Structures are given as structure tokens and as C-alpha cells.
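Right after this note come the structures.
Next come two complexes, and both contain chain A; in the first it sits with chain B, in the second with chain C.
Right, the complex of A and B next:
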């Protein structure tokens, strides 16, 4: 038993409790409440430097909690994401009727769930961490209780989320019932004996259904556009980045730590799901006029690109996936920051609201353009090198296995990128070349917004132009998986 | 007649199937939510019966986790459904249509 490995999680949960009690205890004036958010950001930043600067690897709680390079990579990722989202929610606070402090503390609690997910090495830990994230997100999604679409998004997420957790739990029950193991490492030792056991395979399939919902992969993607559109913008950003990444770390652990022998046989299934997810996301994004809904479909497409790295079943594929996620973090947060600031007074987030943004606020226009360019995968931004690495891993694997499915998958991904250029550049066109620009008043930017926008831009360029640092970290992390 | 593991598992699969059918077929949010609880309890039954017949207590411990999480989920879920009902005066899925393409 080594509880000190969990000190980061304990600190984060304590921070969440303090945030929640601070508002009850002192009855702060509204303008003071934003300092609570800055306090939380400062605490998370300190934890990022002190706690993850020099970490010790090991396992705790009878092997159910593991601290390795993969867990540390994702914990850094989640902390950075939560800090940027907290900056965004300070900017958003005027649109939340009551309980903004609870909003901050719920973000911190969701973060603690993600940190546990990064370290989960046991089906019980997997279930509890995934539920901690999901249940917190039900509340975060429907936080604007006065807006009907926020409530609707919350209920849709609730029903489909509860359905996926029912599948997950039933899958865990079947896997545990047949093998008698909950721990991923112990399961890996015995899983090969059960390759032909139908109940076991059904259980594995159900677990993958539950995780597929988290990452919004086809055919479990139906919730994504509605929830992305209806949820408050900071929630959407956290959902797009944090929740998706948590789904991917659990998927990697289940497939490659717990069931490496089964995963090898399921390459074709993963190839098909990845290809369909890419095409579905990109094709459905084409006619969208609502920017958040468009990004919802684009996030489905990106789940497909990320699944390329899973389907490749190789260390280089997993490293490419982690690298791509790091670039995706800064890109998506940048896009949602711009939406959050520009569409402050609007009821819906129509793309036409971006018209004339280059005159209203050149910084925001540049940020949005860079984010779209990076999402589309154009050099020298982060998205280009990530897609390149993913495709390289897939084609390499195709050459090794002589599996033509991999070549088809690479071709599908390229087709998806070409389709996506259309709608990403539609957004850029709306910014610079809109024929009618009704509102040309300059947009005031507060210091924290400027700071977080600059961090996102710097992140996109840094990961795109100097890939070696993040790529080395990603490769180290991928080696922690046994495949 | 001897009641064995397969009987318990059959009941558990039936409960899971009934719950899934309810989620797909029913139109009332509260009934859908009850069906979801049925699916979770099907998993609990499977875990407990595996636990009993394999002489391994881990499954029963997992059931406690699942019950706790389900209680939290119900607390949040019912609050959400009530909030939606107040806004819309309806708990039917056909009325959840303010977001469309």
C-alpha cells in the first residue's frame, strides 16, 4: 500500500472541497468570486510543477492504481486542460445565473475523476473514475438551468451516458465472471485462455461499447452534437478535451494492458470503426451553421483520427495518438475561447456572428484561424504533424501485416481531411470575407483572456514546430503499455 | 430442481434485455430512467451470482461500488428531469427537439 502516490488526486479533491465551502462560508461578493477561480488555477499550476515535476512510479491499492509514464503524461494533459477551462469559465461567469463557485468546483471534481482514470489499472477503478467524470458532466452540461437547450443537452447526455455505463458494468460483470480477475495485469496473464469463450468476448465488447461512448466513436456518437451545442461553452471545451482523453487512456489500458491478445484479433473491427467515424464526423459537419455543433461533429471526426493510433496496434501508433491529443488540447481550447468571448451576447452560436472579427479583434481572428488551420491539419501547426504520425503508423502496420485494411483506412483518413478543409475554411471565410458585417464594435479583451489565448497559440506552434519534446514524452508514455 | 449459475445468468440477461428494450421503446423519461436502473441491477445480479458460485468475494465488493454510483446518478438524473419538466411541462422524449440540424 502506497497512498503517497495518490497525493496529486488528494490535493485536487481537497481543492474542490475548499472551493465549494469557500462560497458557503464567506458569502463572497460576485466580483470576488473570480479570485477563487484564479486561486484554483494557481493551485493546479503549482501541483503541475511540484507534484509531476519529479514523480515516483509504482502501484498502490493492491495494483488497482498505477503511476507510470503513461499516467503522468495524461495527468499533465488534464491539469493543463483544466487550467485553461477555468480561465474560460471566469470569462463565462456572467452567463451563469447562480452558483458560479460550484461550477469551478465541479470542474475540479471532474478533473479528479480524469486523474484517477489516467491511473486506473483495475476494472473497479475504471468504473468509478469514468462515473465520477460522467456524473459531474451531467451537472456541468445543464448548468444554465434557465436555457432550455442546456437542460435538453443535459437530459440527452444523462440518458445515453447512463445507457453506456449500464453496458460497461454488464461487460465488467461478464469479464470478471469468466476470468475471475479485475486487475488489468493479472487479466492479461489469463485472457489468452478465454479467446473462444463467447460470454467473455461479449463482456469485452460491452466494455468497449461503454468506452466508445466516452470518446464519441461511431456508432455511439449520437449524443455529441446536441450536447456540444447545448452545454455552456467551457463545459463543451472540457468535454471535447478532457472527457475524450480520459476515454482514450482507459481504452488504451483495457486493450493493450489487459487484453493484448484479444486486441490483436480485433484489428479489423477497429479499422472499420475508425474509418466510419472519420467519414461520419466530416460529412455531417459540412452543412452545419452552428459553430459549436460544427465543432461537435469535428470532434467525432477527430475521435476517428485518434482511433487510427489504436487500430495500428503498435507503439508508434500509440505515441502518435498521445502526440495528437496534446496538439488537439491547445487547438480546441483556443477555438472555444474565441466562441466564448465573441458570442457573449448572442443566443445561438451561428457562424455568421464571426463576420468582421478581424476588424473587431485581430487577436481573436488570428486565434480562430490558427485553430481551424490546425484542426484541418495544415503545416506547420500541431494538427499536421499529429496526423502525419498517425498515418505513418497505420501504413507501417499495413506493410508489416500485409493487411490491406490499413491502406484503405489511411486513404479514408486522407479523404476525411480533404472534406474537412471545406468546413474549416468556411469558418475562416466568415471571419475575413463576409459580405455583410452588421456589428463592427471592437471586442474588449481582459488580461486573463489574452493570456490564455496566447498560451493556446504558443502551444499550437510549439507542438507543431518543435515536436521532439512532446513526441519523446509520448513515446516514453506509450512504452508503459505492454504492446 | 437444482438452481445453478446458468439460471441466475439467464435471469440477469433477461433483465438486461428488458431494460434495453424499455430504453428503446418507452417515450417517458422517467420510465426510460427506471429501465436504465434495471440494466444496472442486471449487472449486479450477474456479479453476485458469479461471486457466489466462484467463491470469490471481489464481485460483491464491486456491487457496493455500483449501488453507490447508481444512487449518485439517480440523484443527479431525477433533479435534471424535474428541472426539464418545470421548463417544458412535459417529460416525453418527443418534446426534446429544440436542437436539430
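Right, the complex of A and C next:
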């Protein structure tokens, strides 16, 4: 056993424990507590550089924990996401009545769950890491205990999450019962024998249901808008970025490391799910006025775009998916940062609250505009090149397999993009061309907010304009999968 | 080649001036004017220096900078430097420079003085680009730039609706010609695979039949460009309306630049024009000359008379090109640049003094009050009429001689008759506007224009007198028919008589007839006696043979109809039916799907399990 492979996870859990204890031990004054968050950010940054800058690959715990390029790609992703979300949480802290330190430490614990998910290589690890993430998010979602809508979101997430976990664990049991294997690599060796075993297939399907819930793919997307709307904004951002990415890394591992032979037969299922998810998310977003809910639907649509990469069943598709996630990270965090700052004193996050933002805070207006442009997939932002790579992978696969479904899927995705332009530019219109702008008071920005906003803008541009670095990393990571 | 940098400087100085004025000195009127004038005058001086150093035929005829390569298309940005372009360089910067200086006085009271000079410099830059271009793409770009800057200048007083309309008309009519021009360029590129003039010429010299059956089509398409820019029938309608611009603009457009571009282009690409095409070109030119001269006889606006005379003279030049005589064409273009600029600036001087009155029947007896304008205008009139020994005599006679030497007697008689008409309408103008009794109060109280306007008149007048004998013709001939011996000054003075005495005599007879007819009719006339004598013909002349009305009733009406149909299709079929249905459908499905999100947890859980069931059926049911 090689426990040193897990040093990153151990450090992160230790950090979470320290954060929790710090509040007890030192009895910090409330306004000082933000330094705990900065401490956490600094630690995570150090870990990002030292621990992941120079990594060793290998497996631990009888192969249930794997450190490979894919795991490292996602670990970097999760660390960056957590750091940005912590910045956002500091900005949000005045809206959380008590226990802000707990909020920070819960984010760190959720992060540790995501890190384990990135390395999960058997079903037990998969289940444990998913539960670590999900249960932490139950708390994070309902953290604004004074707000009814936050509690409601928490309850919905809890019950539907429990339902999906039930399917997941049932599916794992069926797979184990039929094959006797939990380890992905070992399962891959025997899976071909069970291709026609319906019990086995049912088990796999239930596992996918559980993962589909995490990524909010149709038909398991139903919770997303309500939870996105109700949860505290940093939670929503982390949910949209971290939790979704964790779902995708597990989905990739299950489909392409454990069950490549089964996945090949399920191309049609993946195509249909991906297409419907795109359409559902984009169509529902059209009439939305609540910005967080709109982004909830938009995140469903993006789950659909990301599923293009899964449905392509090719290395280039998986690489495109990873690339797209990287761009999505900065884009979504940027959007939620703006919401978090602008809608500080508002009960509901109506789009009209953005009116005149370009006069109140040009930086935030530009950030929001760039984020929307990137989400819509317009060059030169990150979202454009990501969508391009995904579509390219899908069309390539269609040409290789002569499967017209892939062409239909690419067309559906394009239709989705066109629809999405409407509501994304609706947000931009609200910023610059609102007829009545009741509040034109300037918005004060703290240093950390400016910093994180600039990081997001730089990220969006960097990934969009200089795609080669991230794309090479993504391609390397995708090669770690068997298919 | 020495001083290779100079032509580049000459070309780009006006652009720098235009940019500088627009960006920095819009508020400083004098600085703007000096920048613009400085750019063009410097260009003139540098041209002289360059010609002095290299002669009329520099050792290498091109200065090239690679511009872009797209697949097989290789486009240079190069300068063609030979006798033709160098002479034009002198004309554009020289005559243009005189007009710039004159404008300083003429436009002094205008609100947008700086803007005017910025546009003038842009115009100069575009024209120089046409002159120096060494390939079709470059030529076409500058060709269009001339179109744009003429649009800006003609519509300079855009607050006047008529000026705006005239600018649009000039631009659109030019675009019509340019469309054919572009097709011609594409055809040449498709057939010959190059756009560089030197390369094209070499290919055609090596194999004259390389264009095959498309030769005439390509040549006529290219000619379309000249028809638009040089205002030949049937696209001649824009030029008289272009009088809506300030008078120096008219002088610039009519004399040295825009309209000259078409003739210049034809001479530049003469090797591409075959005999059939030349025949068409000659007749279009001749017809335009006659048509415009007839219209000019019955115009009363001083600038419009000059405008139609320009059309008529351009007809001469195009006719000459069509008669395979580029040398007479360019010769006439050059002398015409001198005396037409002189006439326009003189007319501007009169208009200025008369407080923007342009009707010749409201002027009269200006010789005492405005001596400089009077005498210089007289010189211009004599030169334009082709009276020896003024410059117009030599150039016009060389065109008539060309017709004779080609054995085309029909066009020769036509040309001679037009020369008679020219003398008639010019002296009509002169008698009515400058001599006789003052016809209005304003005409009695005119004053001579300031020195800054008078001096360009004097300089141009000198060239209008001597332009025929200072070797212009020989310079062009050195390009188009090398090997001919250069003539001495004395020889060139009597050249027409030795070359084709019959042509000279017939031409002079017509001119004399025109002059005496004008003298008899208009010497002391208070109103025009001609309409009574000619009846319906005079009315038709006055109304420009109803071309505008004809176009209005046919092309514009048809165009409006098609536009209305398209508008209807766009509004109702595309926007309403197609887009409307799609948009409505999308919107509706969005709203309907939203109802699924009830917010009710039991419903959510039910839908979740339903989803699982559906997927289960999808995978395992089959």
C-alpha cells in the first residue's frame, strides 16, 4: 500500500479539521474569521503547486484508489474551484447568520470528497466519495437557516439525493452480486461475459442513474433549478462546478474504465439523453427571470453539452469534455461572483437587479458580459473552443461509425446554442439597455473580489485564446481511460 | 532606379494629411488647410524631383511590396512608374494643388473647413493610388476609394437634400459600372491567372489569342468601369448632378481626377482591348460627346454648362482610345485638366462674387469688375473651343487626326461637329455671363476674388495656353509608340498642319461656324432666342433628353417594385412565418416545460422514478 499517494487528501481533511477547531480554540472575533478562509485558500494554493506540481502515479488500497493523469487533472480543477468558491464565501459571509467557519470547513470537506472521487477506482470508493460530497452539500445548501427558500432547497436536495443514492447503492449491489467484482479494472476483464445478463445491466443502469443525478442530466435534472435558486450563492457555484465535475469524472471512470464493452452498446442511449438534456435546459431557461434559476437551467444544458463528449465514446470526446469543464469553471464562478456581489441586499435574484450595472461597477458588468458570452459559446472565449471540440468529436464519431444519431445530436446541440443566445444576451441587455435603472449607486468592491474576478476573466480568455496548454493536459488525462 | 522611396511618399502624404486632420486638427482651420495643401504641393515637388532623377521611363518600372497571398492568388501592393503614370502624377498633384490652394480662399467662410480639406486629401490619395497601381486589385481598391471620397465631397453640404441625393446618385451609378469592372477583373484573373499589368501584357504579347472567345466580353466588362467613372453614356447622368458639391470639388472631379480615371484606366489596360471592343468604345465615346454637347447648348446654370462640356470632352477622349489612339486621348486629358480646372475655378470665382448665383442670365458685363477672372475665363473658353494656338486646339486636333488616320470618317465628322457645338455653347456662356449688359443688381456690384483664388487662375491660364506645345504629347508617345523621333518646339507648334491639314481645316471651319453663330445669337441677348427657333428640340436639350425621367420611369420604378416585393417577403414570409413560427414555438415549449417544475417534492420524486423507468425500458425493454 502506498499511502503517500493520498497525501493531498490527507492534507485537505486536516485543513478542514483545523478550520473547524480554530473557531472553538481561538474564539475569533467575527470580522477576523475571514482570515481563516484566506488561510484555507493559501493552503490549497500551496497544495496545488507543491503536491500536484510534481506527482507520482500509482494505485493504493488494493487498486481502489488510483492516481493517474485523469485524477490529477480533476484534482487541480477541484482545488482551483474550491479556492474561488472560498473567495466568494468570504464575500457572502455577512448573509450567513452563524457558523461561517463551519461553512468554510464544509467546503473543504466537500473538496476532499471530490478529490477522492477523482481517484476512485472501485465502486466502494465511488459510493463513499459521492456520499461525502452529497451529504456535505445537504448542509451547505440549507446553510441560510433563516431563509425559507434555502431550507426548502436543502430538503428537496436531501430527499431526491437520498433517492438517487438508493438507486446507486442498489445498482452497486446488483453489479457485485452478478460479477463478484467491485474494482473497475477487474470488472473490465469480466464485463464482456455479462453483456446479456439483464440483472447486471440493471445494476449498471442504476449506477448511472445515481451519477446522472449528480450531473443533472435528463431525466434526473428536476432538482437542479430549485436547489440552485435556494442555496446560498457560493454553494450554488460549487454545486454547479465541483459537484457536477465529480459526477463526470466518476461517469467517465465507470463507463470507460470499468465497462468499456457495455458503453459501446449504449451510444444511442447517451445520444438521446445528451440531446434531450440540452434542449430541456435551454428551453426552460427562456422564460426565466430569476438569475440563479436561469443559471440552474443553463447548467442542465451544459450537462447536456458535456455529455456530448461522453456520447462520442472516443478519446477526443473525453478530452473535449475535460477542456470544456475547465472553461466552464471560470465562466460559471465569474457569473456567480457577480450575482453574489450585486444582489447582496436583495431577496430574489431577478435579472432586473442588473440594470445599469455598467454604471454602478464597470468591472462587474464586463465580467458578467464575458461570462454570458463564454457560456453562449462565442469566440474568443473559453466556451467557444470547448463547444467546437465537443461538436468536432461527435461529428468525427458519426463519420467513423456511420451513425446518423451523432449528426442529429450535433444539430440538436447547435439548435440549443441558438436558443441559449436569447437568454444569455437577455442578461447582457438587462445590464446595458434597461429602460429604468432605479439604483445607480456605485458598488464597492473589496480587493479579494477584484482579484478573483480578474482570475476568472483571465481564465476565460486564456483557455479561449491559448487552448493548447489545457487541451494537451486534457488529452493526456483522457488517455488514462481505457477507451 | 533612384529615389525609389519618393513615389511612396507622394502616394501616402495625402493620406497622412487626411488622417492627421481628422484625428488632431479639426478645430484648427488654417493648420488643417496647410496640412492638406502642403501634402499635395510636396507631392508635386517630389514628382518633379523623381522625374528629374529618373527620366520619364525609370530603369525598373515597378516598386513592389508583397501584400497578400491566398492560394493561387498573389497580390502585390506595387507602384507602376512609367511615362503614363508619371505624367498623371504631375497633373493630379499640379492641377489638384492649384485647386487646393484656390479652395483655401473659396471655402474660407465654410463651417466645416477642416473636414473639407480632410476629404480633399483623401480624394487625392485615392486618385494617386489609381494612377500608381500596378495591378487590378490595387487599382480596384483605389477606384472604390475614389468613389467613396467623391461621395463625401459631392455630399459635403449634406444638409441640403439635393446634395445628399447627388452624392448618392454619383455613388450608385458608379457602383453599377464598377460591378461590370469587377466581373471583368475576375474574368481576366480566371483566364490569365494574374492581375499584374506587366505580367498580363507579357502574356498577351506572347500569345495574343490567349483570351480566346472571351476577349471582347472581358474588354467590354472592363470598359464598364470606365463608363461609370468617366460618365459615358448611358451612365453619364451622375456627373451634372455632382455640381451640388462645392465648386472646387467640381473642378477637382471634372478636371484632374475622378473622371480622368476611366480614360487613364483604359490607356493602362489598352493591351487587353481587342478590335471589336475598341469599336464599341469609340462609338460610345463619340455618341456621348455629341449628346452632351447638345444638352450643354440649352443649359443656363454656369456649372452645368461646364459639366456637360466635361462629358463631351470625355467622350472625345474615350473615342480616341477606341480609335486605338491612347496618345491623343491622354494628351487631351492633360490639356483638358488645365483648361477645365481653370474654367471651373473661374466659374467659382464668379459664383463667389455673385453670392452663390449660378444662372448665367443673371450675370453680365464682368470684365471691368473682375479682370483676372474675365481674362482667364476667356483663355479657358478659347482653349476648350479648340482655337489655335491654345492647348485645346492641339489635343482636339490630334484626336480628329487619329480618326482620319484610322479612316473612320463618320467619327471624324462627328468629332468636328461636336467641336463646332463646343465653340457655340462656350461662347454663348461667355457672351451672356461676361459680356453684354448687367442683367441684375448683383451683377453690377461684384468684386474680384482674393489673391489666393486669383493666382491659381493665372497659373492654370498659362498652362491652358501653352499646354499643347510643351511636349506632353511626345511624352505619352514615348510610352505608346516608342521609337518616334522627338519634335522640336517649332515643329510641335505647327504639328497639326503638317500632320493632317485637312483635319485642321475642317475642324477650324466648324469651330468658326460655332463661334459666329453664338456671336450672332447672344451678343446682346437678354433672353435665350434659341427655344423659339428650335422648338421641341430645344426643350428636349434643356431637359437633357429626358434621361433622368427615363431612368426614373424604368429602372428605378422596377427596382422599387422589386424592393417592395422583397420587403413584403422578408416582413411576412421570412420574419413572420418562418422566424415567427420558430420563435413562437420555442417560446411556447419553454413556457410549457417550465410547468413541469412545480416545486412540489412529491412530483419531483415521481418524475425521477418515472425517468428511471423510461430509461430502463429504453435499455432493457428491447
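Annotations
Basically, the second predicted complex is superposed on the first by the 483 of 483 C-alpha atoms of A that agree within 3 Å, B and C clash if a C-alpha of one lies under 4 Å from a C-alpha of the other, contacts with A are read in each partner's own complex, and residues count from 1 in each chain.
What we mean here is this: a contact is a pair of C-beta atoms (placed from the backbone, for glycine too) under 8 Å apart; a residue touches a chain by one contact, two chains touch by 3 or more.
It should be emphasised that the depicted structure is a prediction, and the values quoted were computed from it without experimental measurement.
Contacts of A:226 after superposition on the shared chain: both chain B and chain C are touched. Shared-chain residue A:148: touches chain B; no touch with chain C. With both structures placed on the common chain, the touch criterion links A:218 to chain C but leaves chain B unconnected.
In the superposition on chain A, A:421 makes contact with neither chain B nor chain C.
Look at A:201: by the touch rule set out above, it reaches chain C but stays clear of chain B. Of the two partner chains placed by the overlay, only chain C lies in contact with A:283; chain B stays clear of it. Judged by the touch definition given at the top, the superposed model places A:159 against both chain B and chain C.
In the overlay built on the shared chain, the residue A:138 is in contact with chain B alone; chain C does not reach it. Annotation: chain A residues 155-156, 159, 163, 167, 225-226, 287-288 touch chain B in one complex and chain C in the other.
Of all residues in chain B, those touching chain A in their complex are 12, 16, 19, 23, 29, 32-33, 36, 39-40, 42-44, 46-47, 50, 54, 56, 58-59, 61-62, 65-66, 69, 72-73, 76-77, 80-81, 83-84, 87-88, 96, 98-99, 101. Those residues of chain A that touch chain C in the shared complex are 155-156, 159-160, 163-164, 167, 198, 201-202, 205-206, 209, 213, 218-220, 222-223, 225-226, 266, 269, 272-273, 280, 283-288, 419.
Across the interface of their complex, chain A is touched by residues 586-587, 589-591, 593-594, 596-597, 599, 601, 604-605, 607-612, 614-616, 618-620 of chain C.
In the complex of the two chains, the chain A residues touching chain B come out as 123-124, 127-128, 131, 135, 138-139, 142, 145, 148-149, 151-156, 158-159, 162-163, 165-167, 169-170, 172-174, 176-177, 180, 182, 225-226, 229-230, 287-288, 293.
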